[in-house]
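Both of the next two complexes hold chain A, though its partner changes from chain B to chain C.
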Partner chain A sequence: MKRFLQAAMLFGVLLAGVVVASQAQGLRSVLGTVLPYAAVAVLLVGVIYRVAGVWGRAPVPFRIPTSCGQQKALSWIKPSKLDNPSTTLGVIGRMALEVLVFRSLFRNVRTQLKPGPKLAYVGGWELWAAAMAFHWSFLLIVLRHMRYFTEPVAGFATMLAALDGFFEIGVPTLYVTNVLIVAGLGYLLLRRVFDPQLRMISLAADFFPLLLLLSIVVTGGLMRYFGHTDVASIKELAIGLITFHPVVPAGIGSLFFVHLTLVSVLLAYLPFSKLMHMPGVFLSPTRNLANNNRAERHVNPWNAPVKVHTYEEWEEEFHDKIEACGLPLDKP
Partner chain B sequence: MSEKLPKPEELSTVDFRPVDYDWMTAKATFRKGTYSYQAAPKNLKYLGLANPREWSPIDDDWKLPDNWKTIILEGLRERLDKFRSLGLFMDICVRCGACADKCHFYIGSGDPKNMPVLRAELLRSVYRRYFTTTGKMFGALAGARELDVSLLKEWFYYFYQCTECRRCSVYCPYGIDTAEITMLGRELLTLVGCNINWVMEPVANCFRTGNHLGIQPHAFKDNIEFVRDELEEVTGIHIDPPINKKGAEVLFVTPSADVFASPAIYTLMGYMLLFHHIGLDYTFSAYASDGGNFGLFASHELMKRLNAKNYAEAKRLGVKWILGGECGHMWRVMHQYMATMNGPADFLEVPVSPVTGTRFEHARSTKMVHICEFTSDLIRHGKLKLDKSRNDHRVVTFHDSCNPARSVGILEEPRYVLRNVVNQFHEMPENTIREHTFCCGGGAGLGNDENMEMRLRGGMPRGHAVRHVRDAHGVNLLACICAIDKATLPALVDYWSPGVDVGGVHELVGNALVMEGENERTTDLRGDPMATSKGESDA
Partner chain C sequence: MHDSGKILAGLVVFGALVTFPVWYHAAWGGPLVKPRLPADLAEKECIAPTAYMREHHMELLNSWRAQVVRDGHRSWTGENGRQWRASLTKTCLRCHANKADFCDTCHSSAGVKPVCFDCHVDPKGKN
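Presenting the complex of A and B:
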């Protein structure tokens, strides 16, 4: 609980600060232009530094895929092409499954000790479902936001919005992704707080991004469903940002600045946090390499010579015993 | 030792609720039965490793070098530069907990630090403190911890409570492999002389004599001949197994336990019969007398030092390719490390089965074929005369060993062989086999007696699964393709599922092989009576 409270407090202070700042007209140009630019800069530099400068700089000395299925060896035994790929194409397929549908997480089955005593393997899909609901909604929401950045509005953004509002519930139409993202994030947060094991392994840095993301979602939702937001002005601001002619039109409600500032915080926070799993997953050597070790030699750039015990030394040491037992000697 | 062990029912009441447990402050307690003894100084000295001394994990003073902290942190920096996996795995874990209940040691002990995620956090918390900005700035709030002696003791306790089985990495959405973290954690411990003897003695032995048991060449030959004589008693077939024979077509490398320890020796009998049956031109080597490689459990460098002999010997003997016996961790090394470390093996030829003509393209670079690949190819081509009913006294299940399953993917080959040599074969529950397989609890150097309670705890999931098929189908033999399994599973099975034996796949092949000129067989290779009824039952 301690670490949840720490995170909640930190986040509370952040949120309070943001809310106060959003009220001050004088800070609007900072929150509306300087901060987003700074955040994007930190994001880009941070991600590129970590990916290219840190991870990318370290070599992959050994090819260590985790094989999660039958290998490709004998022609008549069917290999598991995606869970244990032996070709680049297979690896691309495996990675696509990991990134798009969280293949490995899908294997998750909870282990439970039942009376007997016996072990039972049950459930576990909830985590996968919540993760999918959150991530996919997040992606679709980001893409939907492109309608604020494009004039005329990009076709895909309109199409997504139409699909998303397919059920036409309420006015303005309720987006399915909004429901799913709240449900997904809510579940992920609640299980972290209430599942004793998970609470125990969680750090403040695990609660914080969930709170941050939830607050972004909630402020966004408030603007859409409950406020009267001047969308035209916001779009002017957004287009100003991406065309490098930043403007802060008058008449935008403070709620928007809370929303935008929280997004800026998220972007700037990302490179220093576990959210780096996004680029990281693509680099994971247990997933992104083909299990063709015995067919293609993998080269280790720092493969250093080591002290070995050569046959000659071995024969010399055991010479008499080898001779006595009648095994052949190279130097009799 | 065993009289002090809790009963299976007691051991099975694991409490998983971490009430008020704070992993960041909790210390490791070295309880008898749950840790392995320190490496003897002579072994470290022989290998030229750091800080050989008399000490014990339960001592307060571990007699570390004065600058131990610098050594560890420098060592960590060096490894972060050399292994992308390390930095990446340190940075991207989201603590989703998917791996937590996948580790057999957590399932069997309930100790939170046996959750793979927390095992990794032991290293990660130090990484954060010394290598990340947030960790340096925010300390404990950011999950960073000061490196001190009690933390080093946690490393020792928990990195030697991981069998490097890679089960956790199957479920991790980013493939974070706690086995890799354990391997590198153990490397760091090696830098300051905190090793266990059950790893270092075999390594020292292996470096000197060529095998973990320290069998010298004459004794190696004696043992092979002893097994040969036993075999002759059962079958009436006399075999002269070639050793260190130059110009043989194939070098056969197998774990030394096959030559020395029961029940692994029955597997060796199986190989000998098989090779005799097909007239294979092969040789054992008394120098490369162990394919197993406990170096894997200490450091990449030691792994390479022990592995080097295989190619060197293949070259010296002038063989065409290498055939490898039943072993788990050996195959991790042969498959994922050997060619990279000690190759290229361009002096060898792409392996071709002299009997079937099959070119083993999948091994065209490393030039080493797994015995189950080799045998299933023989069976597929109808080259073996087999009488399945000779194994009718056996109801068999198959334990996938961690490394062949999760580091190579040898899943179907042994099953194909089994289905062709036994009539009664039943799988264990699907969450406990193939890539989901559960460790024997004694791999990675933990299969020693002093660690017995932890082994049995770690072996609980496997033990329960065996008990399940024993009760449901009358299984009485747990077949496997790993020498460590053959050494550790018997104790496990006796404890969790009495009445089941442990044996190698090629032991069953040996039972079923109909040899030219053999005696009528009344007993199996162990000398146990075979079933008399020759009835056909379904596999």
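Presenting the complex of A and C:
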């Protein structure tokens, strides 16, 4: 609970600061132009630095065969092509399933004592469902937001909006992703707060991103369904940003500046946070390397050259003697 | 071995995605068109303050619809006491007769397609 309170307090201070700042007309050009530019710059430089400069410098490790399926062996043993791939295609398949449908979250098993008494390992689907609901909704929301940043509006943004607002509930239409993302984030947060085991291993840095995301979603939803904002003026601001002629039109409500500033904080925070699992998943050695240790020889490229004496050479050397003893030969 | 090629390719894709709006605009972007009023419109004011209309016109229309369809109550009084007939076609589109240049330019740049005109008529439009 202490670490949750720490995160909540830190976040509360941030939110209060943002809310106060958004009220000040004088700060609007900072919140509406300087901060978003700075945040995107920090995001790009930070991610590139961490991926190329830190992670990319680490040598590729020896292939780690700790996957959870039968590796390719003899022809009559069925290999598990996706869990323990031996080819690049299999690796791409495993990575795609991991990135798109979070397959490994199904391994979120718990031990339970069932009547008997019997020890059982029970897989939970809740974490997977909440993670899918959150991440996919987030992606769709970001793609739909491209309606602010493209003129004429990119086709996919209108198409997704039509799909997302399929049920046509209310004016403006309720987006299904808005319900799903609040439910998903809510579950992910409450899980860490109320489950004692999870609370034990949760740090302030686990709660903070959830609070940040939740508040971005809530301010967005408030603007759309409750307060209403001048979307046309916000579009002017957004187009100004991406054409590098920033403008802050008058008459935009302060809630928008809270929304935008929290988004800027999120973008700038990303390279320093656990949210780096986004590029990180692609660089996970247990996910991105084929398990072909036994089929191919992997030589550490910076090893000093080792003088080896292969079996072929050895057989050739003692060919006549082996033959004389009547032992089998590879090359008779 | 650092697999630098693959990492760089991944980062290039990441950078391209983050900056998508910038190069999209450079390639296909056009100017933001402001909604236009008919040139011959005598009225100088909307039925409510302009700032309010920009933010809340959809809500107002929704409440008009509710009051007409559910309560059969067809008149609406503006803040300044002026009486209006609560009607999409007969009120809004009487002043904003140029729906294509007014409602539609704004909506297409905001990426919204109100379904209203599936049923309601735009007297000067094609449908």
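Methods note: the second predicted complex is superposed on the first by the 292 of 332 C-alpha atoms of A that agree within 3 Å, B and C clash if a C-alpha of one lies under 4 Å from a C-alpha of the other, contacts with A are read in each partner's own complex, and residues count from 1 in each chain.
What we mean here is this: a contact is a pair of C-beta atoms (placed from the backbone, for glycine too) under 8 Å apart; a residue touches a chain by one contact, two chains touch by 3 or more.
Because the structure is a prediction, the values reported are computed rather than measured.
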Touch test for A:Pro59: chain B only (first), chain C only (second), both, or neither? both
Spot which of chain B and chain C makes contact with more residues of chain A, would you? B
Return first, second, both or neither, reflecting whether A:Val109 touches chain B, chain C, both chains, or no partner chain. first
Identify the partner contact of A:Tyr187: answer first if only chain B is touched, second if only chain C is, both if each is, neither if none is. neither
Let me test your reading of the model: by the given contact rule, A:Trp125 touches which partner, first (chain B), second (chain C), both or neither? neither
Which superposed partner A:Leu283 touches (first chain B, second chain C, both, neither): both
Considering only the contact definition stated at the top, list the common interface residues of chain A for chain B and chain C. 55-60, 283
Can you list the chain A residues touching chain B in their complex? 2, 6, 50, 54-64, 66-74, 76-80, 83-84, 86, 98, 102, 104-105, 107-111, 113, 116-119, 121, 124, 127, 131, 195-198, 200-206, 272-274, 276-277, 280-281, 283-287, 291-300, 302-303, 306-311, 314-315, 317-318, 321-322, 324-328, 330
Residues of chain C touching chain A in the complex: 1-4, 7-8, 10-11, 14-15, 18, 20-22, 24-25, 28-32, 35, 51, 54-56, 58-59, 61-62, 106, 108-113, 115
Of chain B, residues touching chain A in the complex: 9, 12-14, 16-19, 21-23, 48, 80-88, 91-98, 100-102, 107, 112, 115, 117-118, 121, 132-134, 141-143, 166, 169-177, 180, 207-210, 216-218, 221-222, 243-246, 286-287, 300-301, 304-305, 308-309, 312-313, 316, 335-337, 339-341, 343-344, 358, 360-366, 368, 370, 373, 376-377, 380, 405-413, 416, 429, 431, 434-436, 460-461, 464-465, 468
Complex contact set, residues of chain A against chain C: 40, 43-44, 47-48, 51-52, 55-60, 146-147, 149-154, 157-158, 161-162, 168, 171-172, 228-233, 235-236, 238-239, 242-243, 251, 253, 279, 282-283, 301
